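Note that chain A is present in both complexes that follow, paired respectively with chain B and with chain C.
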Partner chain A sequence: MRRRGRGRTDYARDLALVSSGQQWLALAVLALVLGLLPLLLAWTGNRSWLTFTNFTLITIIAVIGLNVTTGMAGLVSLGHSAFIMVGGYLAALLMLEAGWSFWAALPAATLMTGVVGLVVAAPAIRLKGFYVAIVTLAFFFIAQFILRSLDITGGIHGLIGIPSPVIGGLRIRTDQHWYYLLLVVGVLCVLASANLTRSRMGRAFLAIRENDVAAAGLGINVPLTRLRAFFVGSLFAGLAGGLWASYVSVIRLDQFTIWDSIWYLGMIVIGGGGKTAGAVVGVLFLRLIGQVLHVIGTSGWIPLSSNLAIYITHTVYGLAVILFVSFWPLGLMSVWQKIRVNYKRWPFGV
Partner chain B sequence: MDTVTTLLQLVLSGVLVGSVYGLTAMGFVVAYRNARVFNIAYGQFAVLGAFLAWTFLGSPQSPRLPLAVAVVLTLLAVVAFGLAVERLLFRRMIGRPLFASFVLSLGLLAFLHGVIMIAWGPSTKVLAAAVPTGPLALGDVVVSREFVWSFAIALAATIGFALFFRFTRLGLAMRAAYDNEVAARCLGASASLNSQITWVLSAVIAAVGGILMATVSGVSIGLSELVMVVLAVVLIGGMDSLAGCVLGGLILAVGTNLTGYYLSPLLPGIAGIFSMLLILGVLVIRPTGLLGSRPIERV
Partner chain C sequence: MLVASGLKAVYGGVVRALEDVSLAVPERGIVALLGSNGSGKSTALKSVSGVLKTEDGDLTEGKVELDGRRIDGLVPERIARLGVCHVLQGRSVFPQLTTEDNLLMGAYLRRDRQGIHEDLARAFEYFPGLAPLRARKSGYLSGGEQQMLVIARALMSRPRVLLLDEPSLGLAPGIIRELLSILRRIRDEEGTAMLIAEQNAVAALGVADFGYVLQGGRVAASGASAELAEHTRVASAYMGLGEDGAFLSRHDAPGTPPGGEGQQ
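Take a look at the complex of A and B:
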C-alpha cells in the first residue's frame, strides 16, 4: 500500500526546500528540460521563441523582487517597472560612461537601485495602506522626468551600444548564450527568494503583511521591516534592469511603461501572492497568454492591426486579473496545492 | 500684459479648472468612503462617460442627437455601467481585504482601457459643444466660456452633492454606513442599496468630470490620466473629505498653472509632474491631507 500523508520524521526534513525523492526526481527532470530548452526551441525553427524565453527569464527575476515587496510584505508597488528602468540606466551608464565591465556594473547597479528603493519608500513607510502605491506611482513619473531631462541619459533617445558580458574570453552575444546566463541568474534568484521565506526576515515580511499591529507586538520593527522589503524588492528589479540593458543593448524611456508595473502585480496575484513559485508561475501564465495573442495577431489568420492586437491583449490581461481576484484569490498555486493535497489524501478527505 | 493681469489670468483659469477637478475627485472619494475601494480605474470611468457622450452627441461638424436626448441617453448608459460594475465586480469585494479590491480595479483599468480602445479607437474626437464656447473678457482677464460653464456645472453639482449627504435620508444612511457599517445596518440602512447608489454616483460623477474636461481637450484615452489628477486632489484634500476635494482641486489647478507659466522655461515638463511632487510633499508633511479625518487603512 502506498504511504499517505507527509511522512516527515524530523524538523530539518520539514524545513528542507526539497524534501522527498519524488521532488528530487521532478527537479532533475525540470533541470534537464531547462538545460535542453534552447535545443527544443531551435527544433521548432522559430528564433523568436528563444528571445521570448529570455525576456521571460528577465521578467521572472523582476517579479520575484515585486513578490518580496508586495506578495510577502504586502506593500503595493506601482513603480516596479521604474525600478527596473533605473537599474538598467545605472548599469548602462556605469558601462558606457565609467567604462566598467559588465560584472562590476551589474552588482553596483543592483545595489544602487536597492538604495533608490529605500529613498522612495522612506516617505510612505510609516503610513498604512495605499500611500506606498501612490508614492511609487509618483516615483514612476518623476523618474521618467529626471531621466528625460538629464543630458547624460540621452533624453528621449536613450542609450545605445550597451556592451554584453564576457565570461573567460567568451562574449555572451547570441540568444543561446544569454539563455544560459539568464537561467543561472534566474535559478539563483529563485533560490534566494525561496530561502528568504524561510528566514527570520522573510517571516517578518509575512507577519507585517498579515497584521502589522500583531507583528509589532511580537517585537518586529515594522517600519524597518517595510524598508527591508522595499530594499530587497528593488535589488531584484535593479538586477533585472541591468541584465535587460545589456541583453537588449539599447535602453529608452518608452521601454518601461506603467502598464508593465500593472502586469507585474497581476502576475503575482494570478500566481499566488507571497510564494516564489507563484511568482514564476504567474509570469509564465501572463507571458504565455501574451505570446499566444501576439502570434495570433501577427500570423495573419485573423486580420488584426498591431494596435488592435495590443488592445485585445489589454482586455484579456485585465479580464484574467479580474477573474482571478474574483474567483481564485489565492492564485494558481492554491489550485495546485488543492490538487496535491487531494492526491495525497486520496481516498480520504475531499 | 502686465504681471498682475498675468497672475490674475493664471489664478482665475486655475480656479475654473480646479472646480472641475474637485467635482471629479468627489466620485473617487464616494467610492472610497462607502465601498472602501481604492478605484484606480476611475480615469477609465471618466473616459467611458466622455466617449458615450460623444457617441450620442456627435462632433461639431456632424451632430447626432439633440442635446437633451443625448444627455438623457448618456446618463442612462452611465447609470447602467455603474450598476453593472457594482453587481458583477465590486459586490464580491465586500468584506475582502483592500488589496483584493485594489487589484480588481487594476484589472478593470486594463480591461476598460482595452475595450474603449477597441470600440472607439485611439484618435481624439471633438465633442459637439454642450455648452457655449468662445472667449469671454472680464476686464483685462480673458477666460473661455466653456470653462465658465464647467465651473457653473461643477459648482451646482458640488452643492447638490453636499445637500444630498446632509439632508436626504439616503445620503445620511450612506454617511452612517461609513462611520459604522454594522450599526447602520441595524438601524435599517440597506447595504446593497448603499453599494449600488455608491457606484452609480461614482460613475455619474466620473462621467460628468470626463465630459467637462473633454469639451476643452477633446475625447481621447488620454483623459484617463485624470486619475492621476484625482489621486493628487484627494491626497491634498484628504481621502475621505468632500470639502477637501474642492480645496485640493483648486490648489492643484492653480499650482499647475503657476508652475507651468513660471517654471517651465527653466525646467521643461515640470508642470506635468507638478501633481506628483505635490503628492510627495503632502505625504511627508501632512499624510491625512488638509481636511481628512483618519488615515487610510492598511492594505
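Take a look at the complex of A and C:
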C-alpha cells in the first residue's frame, strides 16, 4: 500500500534540525539565493538595497537575542536598543582606545554586554513581566545619559573612524564584503538560537514563560533561569552592536532610539514569539515595510517632508503590530505552521 | 518519611489559611487530604513543596521534615531536588510545549540521558493515551489528557513523594477511576509515596491508605481510609458532605436555610 501523508517515520528524524529531503532542497535554494543576493540586488541598480540588507542582517542578530529574553523566557525588555548601543560603544572603544583588533574587540564587547545585561536584570528578576520592562526602560535612559556624559565616549558627537575588520589581508570595506561577513555571523546566530530552543536550558526558558510556579515545582531555579535568559539575549545585542559600530564606522547616541526597542518587540510579535525563525521573519517583514515606505517617500511620487515620513513609518509599523495581534496573535510562524500541517496530512484534512 | 507538624500559614501577612495542621506520609504510602473549599488542602501542599512563598504566603509556625531533615524554609527548587514533586491544581501544563517537551521538563534536574529516555517510555506505558499525542502542543490536549500529562511529567523527576492537588478536578467519573488506578499502580511499582488533596472523598479514600480531613485550617479527623469512609455519612452532618461523599460548599451544606447566608 502506498504511504499517505508526509509524517516523520522515526525518532531520529523527529530530533533532526532538518528532517526531510524537501527541507534540504529548500535550504539549498535558500543558500543559493543568499549567496548570490549581492549580484541579484546589483541588477536593481540601486546600491541602497545592499546597505538595507546589511542593516537587516545586523537587526536579525539583535532580535534573535531579544527573542531569547522576551520570546522564549517571557521577560519584556524595552532596553534592547540600549544593549546594542552599549555593545557598539564597547567594541568601538576597545578598538579606538585600547588598540584591539576587530576580532578581539567583537567577542570582548559581546561578553561585556552580556554582563551588563546581568547587572541590569538582577534587581527585577524576582518579579514578573511589567517590572522587567520598567527596569530595562530605565536602563535605556541611564545608558544614554552615561554615554553622553563621559569624555571617552565623545559626548553627543559620538565616536568616529571605527576600524573595519581584516580577514587574511583583506579589509572588509565594501557593502558586498560586509554582506558575506554578516551573513556568516547571522547564520551562526540562527543555528545557535535554534539549538538553544531544543536544549535543556531553552526548554527551561519556555517553561518559566508558560508557568513559573509549575517550573519551580519541577526544580527549575526561576530567578537564575531568568538571569540566564537575559544574559544570552544581551550577548546577541552586544554582538550586533559591535558589528554595527564597525560597519557604520561611526557611533552616536541618536542612532539608538527607544522606538527601535519597541519595534524589535513588534518584530517578535509579528514573527511569532519564541521561535528563531519567527524572529528572522518578523525582522524581514517589518524592515521590508519600512524600506518600501522609504523608497516611496524618497521617490518624489508623493511630496513628503522627511519628518512626516518618519511619523507615517511609525504609524504603519504600529498598525501592522495591531493587525497581527488581532488576527494572528501567534504571528507569521503560526500561519506557516497551519500551511505545513495541512500539506503533511494531504490528502486528509485536519 | 514526610512529616509536617503544627503548620500555620498566612497569605500576604493577613489572610490565615492554616491554623494547625500536622500530617505524615509514610514510605510507599498514599495519604488523602480531604476537606471542602477553603479548608486549607492546597495551602498544606504548598507549605510542603515551598511553592507557598512564590504566592506571597508564609509559614509562620510549624515545620516540615523529610527523613528527619527540615525542608521548610527551603526554596521550591531545592525541595524539588530532594524528591518532593508538587503537581499543582488545574493542569499546569506548559501549553506551548509539546507533550514530550513537557515530560522532558519533568526530568530537568536529571542528567542521565539513558535513564530519561527509559522513563519517557515508561511514562507512555503508564499513560498510554499520551503516546499518540507526543508531538502535539499540550495546550491542545483535553482536560483529562492534560491531567495525565502533569502527573506523568512529575514522575519524570523520579520523585520520592508526589503531592497531587485535586487530580480529579473537572474530570469525568470514568477518567477519575482510571487515573486513580494508575496512581496506585505507580505506587506499587515505583514505590512513590503520595499525598493527594481531594474534594472527591470517596474516590480519594478508594485509593489511599490513610486520610486526613481538614476543616478551617485544622485537622478535623484522621484515620485509615476504610475507617474514614465509614464515617462519611456521619461526617456529612457536620462537615458538609453530600450523600455521595463529595464535599458540598459552605453555602449548600445541610442546615443552611434556603436564601440564608451567602445568598443574594
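We adopt the following convention: the second predicted complex is superposed on the first by the 341 of 350 C-alpha atoms of A that agree within 3 Å, B and C clash if a C-alpha of one lies under 4 Å from a C-alpha of the other, contacts with A are read in each partner's own complex, and residues count from 1 in each chain.
Throughout what follows, a residue touches a chain if its C-beta (ideal position, glycine included) is under 8 Å from a C-beta of that chain, and two chains touch if they have at least 3 such contacts.
Predicted, not measured: the structure shown is a model, and the values here were computed from it.
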Chain B versus chain C as contact partner of A:R200, first or second or both or neither: second
Partner chain(s) touched by A:V222 [first = chain B, second = chain C, both, neither]: second
First (chain B), second (chain C), both or neither touched by A:D212: both
Which of chain B and chain C A:G274 touches, first, second, both or neither: second
Chain B versus chain C as contact partner of A:A124, first or second or both or neither: first
Greater chain A contact set [chain C / chain B]: B
First (chain B), second (chain C), both or neither touched by A:L137: first
Contact residues of chain A, present in both the chain B and the chain C interface: 212
Sites on chain B touched by chain A in the complex: 38, 89, 92, 96, 98-100, 102-104, 106-115, 117-118, 122, 228, 231, 235, 267-270, 272-273, 276-277, 279-280, 283-284, 287, 295-299
In the complex, chain C residues that touch chain A: 49, 51, 54-55, 75-77, 80-81, 85-88, 92-97, 101, 104-106, 108-109, 135, 150, 153-154, 157
Interface residues, chain A side, partner chain B - complex: 74-76, 123-124, 127-131, 133-135, 137-138, 141-142, 145, 148-149, 212, 259, 262, 265-266, 269, 307-308, 311-322, 325-326, 329
Interface residues, chain A side, partner chain C - complex: 14, 200, 203-204, 206-207, 209-222, 274
